[in-house]
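Mind having a look at this structure? Questions to follow.
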Amino acid sequence: MIDRDEVLHVARLARLKLDDGEVESMARELSGVLDHIAKIGELSLDDVRPTSHVVEVVGRLRPDEPRPCLPREVALEQAPSVADGGFLVPSPQA
Amino acid sequence: MSAVEYEPVIGLEIHIQLATATKMFCGCALSFGEPPNTRTCPVCLGLPGSLPVANARAVHFGLMIGLALGSELAPRSIFHRKNYFYPDLPKGYQISQYDLPLCLGGRLGEVRIHRVHLEEDAAKLVHVGASGRIHGSDASVVDFNRGGTPLAEIVTEPDLRSAEAAGEWLRLLRTTMRVLGVSDVNMEEGSLRCDANISLCPAGSEQLGVKTELKNMNSFRFIERGIRAELARQEAILRAGGRVEQETLHFDPASERITSLRSKEEAHDYRYFPEPDLVPVAIDAAMLDAARAALPELPAARAERFEREIGLSADSSHLLAFRAELGDYFESAWSAAVDPAPPAQALANWISGDLLARLAGGQAVASADGEPGGAEGQGEATGTDPSSSRVSPRALATLVGLVAAKRISVGAGRQVLDRLVADGGDPAAIVQAEGLAAIDGGDELAAIVAAALAAHPEAAENVRGGNAKAIGPIVGHVMRETKGRADGGAVTRLVHEQLGL
Amino acid sequence: MSAPEIIDLSATQAVAEIEAGRLSAAELFDAYRARAAADELNCFTWVAPGADGSPPAERSATPLRGVPLAVKDLFCTAGVPSQSGSRILEGYRPPYTASAVARLAAAGAPLLGKTNQDEFAMGSSNENSAFGPVLNPWDRTRVPGGSSGGSAAAVAAGLAPWALGTDTGGSIRQPAALCGIVGLKPTYGAVSRYGMIAFASSLDQAGPLTRDVTDAALLLRHMVGRDECDATSLGHPEEITLPTAESLAGVRLGVPEELAGEGIDPGVLDAFRGALERARELGAEIHDVRLPHAPHGLSAYYVLAPAEASSNLARFDGVRYGLRRDAPAPTGDREADEDGGLVGMYTHTRHDGFGAEVKRRIMLGTYALSAGYYDAYYGRAQRVRTKIVADFDAAFAEVDFILTPTSPTVAFPLGERTGDPWSMYINDFCTVPMSLAGIPAISIPCGLAGDGGGGELPVGLQIAGPVFSENRLLDAAFALERALGFDGSRARGGAAA
């Protein structure tokens, strides 16, 4: 139901590296799950509104008042790689 | 055989940073050049477990923008997640709006608005070059100070037909946002950003061409040049029988080259879905009233008031209304109760002409002799705001009043203005101190006229003979003798009197 | 008091003893700390190194009097590892504390330790933890349930007086059932989610795992509340009170055939029916109700939850915290090098940092949201959710509460269900509909059942009510608990010296 190419495409979208063996088992496992899930395709749901939030509330806006920020050392504390007061990463291509 | 005519079809996508005190989804104060990563918190750093809460003032500003553009305000709008990976996106998604934005439709000038929505800004990525740390490849440093700043995204319909029209409309949008007070809208500082969607369609055809997206143009001039370059590129392709590719492009102003920004990754699939951590924004009467009450007079309405109620010419009204700083200065001067009071049009002309010329270093917009209009100057880049000069509105009003009442000549007036620009002060005092009061009659002037006539007998003869233009050297002589203080009309009258005409 | 006597006290009893001066909070903390430190069930990923730091006088003025709390690993606790059971967050120490935990600490429940869990709360057996599985104190060859397996086992084994867990599709209720204790999932929005490392935002809720219903009420009372840091938090319109009901006269109980028949193990069904008898004896009316879309709940859940998770877990990219794996150096081979640099850092970090189940759900969720599939999967699942909400609304017009078995089985052997994902997912089919509807539900132990493999293992009874019905729910559960007389002390015996 989901083939190798689709698995590779989705893995790319999710920035997940999959070893060759993992691609096969992922395709198999996902297909199995999707087979079960596919049953919702049989339901008649045309007039039904989707639920994005079970909570029936709106608004909940925040007043525009400053709150204390983290000290820089704390912000950078858990960073794997730091330089020039910031988080060091490989440059994006292009 | 005539070649097919192609018509440009241009739409703009503008992002403006909102001038709130704090970020869109957290309470960090907005950053203006602080050291990197000193304006962050668990929310805007995307730490595990953190949650966004929307800024009420950002919504308020969004409503003001919608009202100013005549948009429909959605009674209920929601936030969506736009998912993609990039180091300047700490959560791996941007919180934005998708199919239920804050505002739909509207119009500004000749261009229809498609939509306006709220979202958060990305952080800043600074390239640091080959660092040797990661296999010798290039590295970047991420600063999250900017991340989370509130943005309003304004998307137009593709109603623009030329690069110039786009530039002009963008200036109009910028003035409008500035007047609203919702943003600094400064392209150099990044609080105003503009991308363009560009295509060509054969004249008379209904079929739209393939459109490209031009990004990363960070000044008005670059935008116009970039659009022009892209139109030329597309036309060349079409005339050669080729097809324009739909892609994202970058304009390099130095080389005027257009290059593709398409990376080796596939086109983004943003997988939009409603943001579960935020509840819908519902506009109630109180919010609408507050937004309406906060609306200042917008340029179009101000221009109309200048024309209708104050009696300025259409061109002067438009100029002063659409350059807010000039309009504000004019109104301050106009409402300063000075005696003699300056006529409105004269005041407008002095502001847009001689005053602006002195402040901008020679780029006059209109002369003080009353010829209004002319192309808008390049003032937006140099910030010629008369209110930041030494010439107070009251001082200018006084000056124009004195000239209009012929207490000083136009020439003397310009000298006074030079003094005001340099040192500030009060025109009446300057006139007094430098002896610039007009000489418009009396024995002193009569004597000087007589001397001028004696010094230029041929000119005097020609004038007596009916050649009005010959009066030039005589008037010039009088002006030199009086250091420009003589009133031109009075001199002419005395010359004719003394010549028996 | 001797140590065994101390740990025999329920949390509510301990509060009373401390208040009466017969027990000191320090003694209580030390007794539990010693047991937690000697844990053989792998319940804890971190145990407090010494006595709670706050001065005794301060603690004694609080409602919870210093009775220590075990907290599921995914709650951020400042300066203390908060890893959500994952290698990608191994050793991560957040700079802030989750609102629910802070609230409870202020109420006088200090941190005893962080408990083990399925990675990112994805699992029903606690076998998906990067830090090893948790063992069920009733039978150490079996799973405790998940994802709050560590919290449930700790309470059942007497290693903690009470614990905090989270429930997204059953992750409090199901392990409570498998470990023979009480677990409550509150109304969505009653407790703040700020500081809970997210799995599925529209479903996650924090809740208590306790020895009895009274303890659950006491802990819940001090957890609920609107939080300005969580826009979806509602708090609770009522103060949560300690239950006192002794009868169920006039209470209408609904049993939905969709969740109380097919697919449930015979032993579990027997215990469930026995509980229904007790309820009748207490004066309750038992009615049949229909929840027609409940059978599709699992499918909808396994689209919505992974979809939200795929987005929530995108922040684990090696940039700002947690594990980072750089891509290998360029070799000149174009295909291999395509996966280098920044993209390589992302893909290698996430490959090494996430376990198999998490990867599966990220893939599933990404697929369900991707172009061309959104309407068929995510869009449909949201509509199924609407139908399930409507089903419950209709049912609650007829009955006060809905009763089902919590889990279709008793605790199963380690390794039995790790081969096929859906066989693990099916453990949640009775609990998932309540999560989708956002309604409160409690699991209380209602008996023991064999599974043919020898030994008798706990069975859980689930009671669900309309939104914000916690007080009445707790009362009904309390009355039933008294009548059922389940004794869980056996599990407390053999867990630690």
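Every chain is named by a letter (A, B and C) in the order it is written, and numbering of its residues begins at 1.
By our rule, a residue touches a chain if its C-beta (ideal position, glycine included) is under 8 Å from a C-beta of that chain, and two chains touch if they have at least 3 such contacts.
The structure displayed is predicted, hence computed values, not measured ones.
When the C-beta contacts at A-B and at B-C are tallied, the pair with the greater total is A-B.
Chain centres computed from CA atoms place C at the largest separation from chain B. Centre-to-centre spacing of chain A and chain C amounts to 22 Å, using the average Cα coordinate of each chain. In whole angstrom, the spacing between the mean C-alpha positions of chain A and chain B is 41. In whole angstrom, the spacing between the mean C-alpha positions of chain B and chain C is 58. Taken residue by residue, chain C touches two or more other chains at 92, 95, 202, 228, 231-232, 314, 317, 319-321, 326, 341-343, 346, 366, 370, whereas all remaining positions touch fewer. Each of the following residues of chain B touches two or more other chains: 42, 45, 53-54, 85, 87, 134, 137, 142, 264-265, 269, 271, 276, 278-279. Residue positions of chain A touching 2 or more other chains, listed in rising order: 13, 15, 52-53, 55, 57, 60, 62, 70, 81, 87, 89-93. Chain contact summary for the complex, chain A toward chain C: residues 2, 6-7, 10-11, 13-19, 22, 26, 29-30, 32-34, 36-37, 39-41, 43, 45, 48-55, 57, 60, 62, 70, 74, 77-81, 87, 89-93.
Contacts from chain B toward chain A in the complex involve residues 20-22, 26-29, 35-42, 45, 53-59, 76, 78, 85-87, 125-128, 131, 133-134, 137-144, 261-266, 269, 271, 274, 276, 278-282. Contact residues of chain C toward chain B in the complex are 74-76, 82, 84, 89, 92, 94-96, 98, 193-198, 200-202, 228-232, 307-308, 311, 313-317, 319-321, 326, 329-330, 338, 340-343, 346, 366, 369-371, 374, 378. Contact residues of chain A toward chain B in the complex are 12-13, 15, 52-53, 55, 57-67, 69-72, 75-76, 81, 83-94. On the chain B side of its complex with chain C, the touching residues are 42, 45-54, 81, 83, 85, 87, 90-93, 134-135, 137, 142, 264-265, 269, 271, 273, 276-279.
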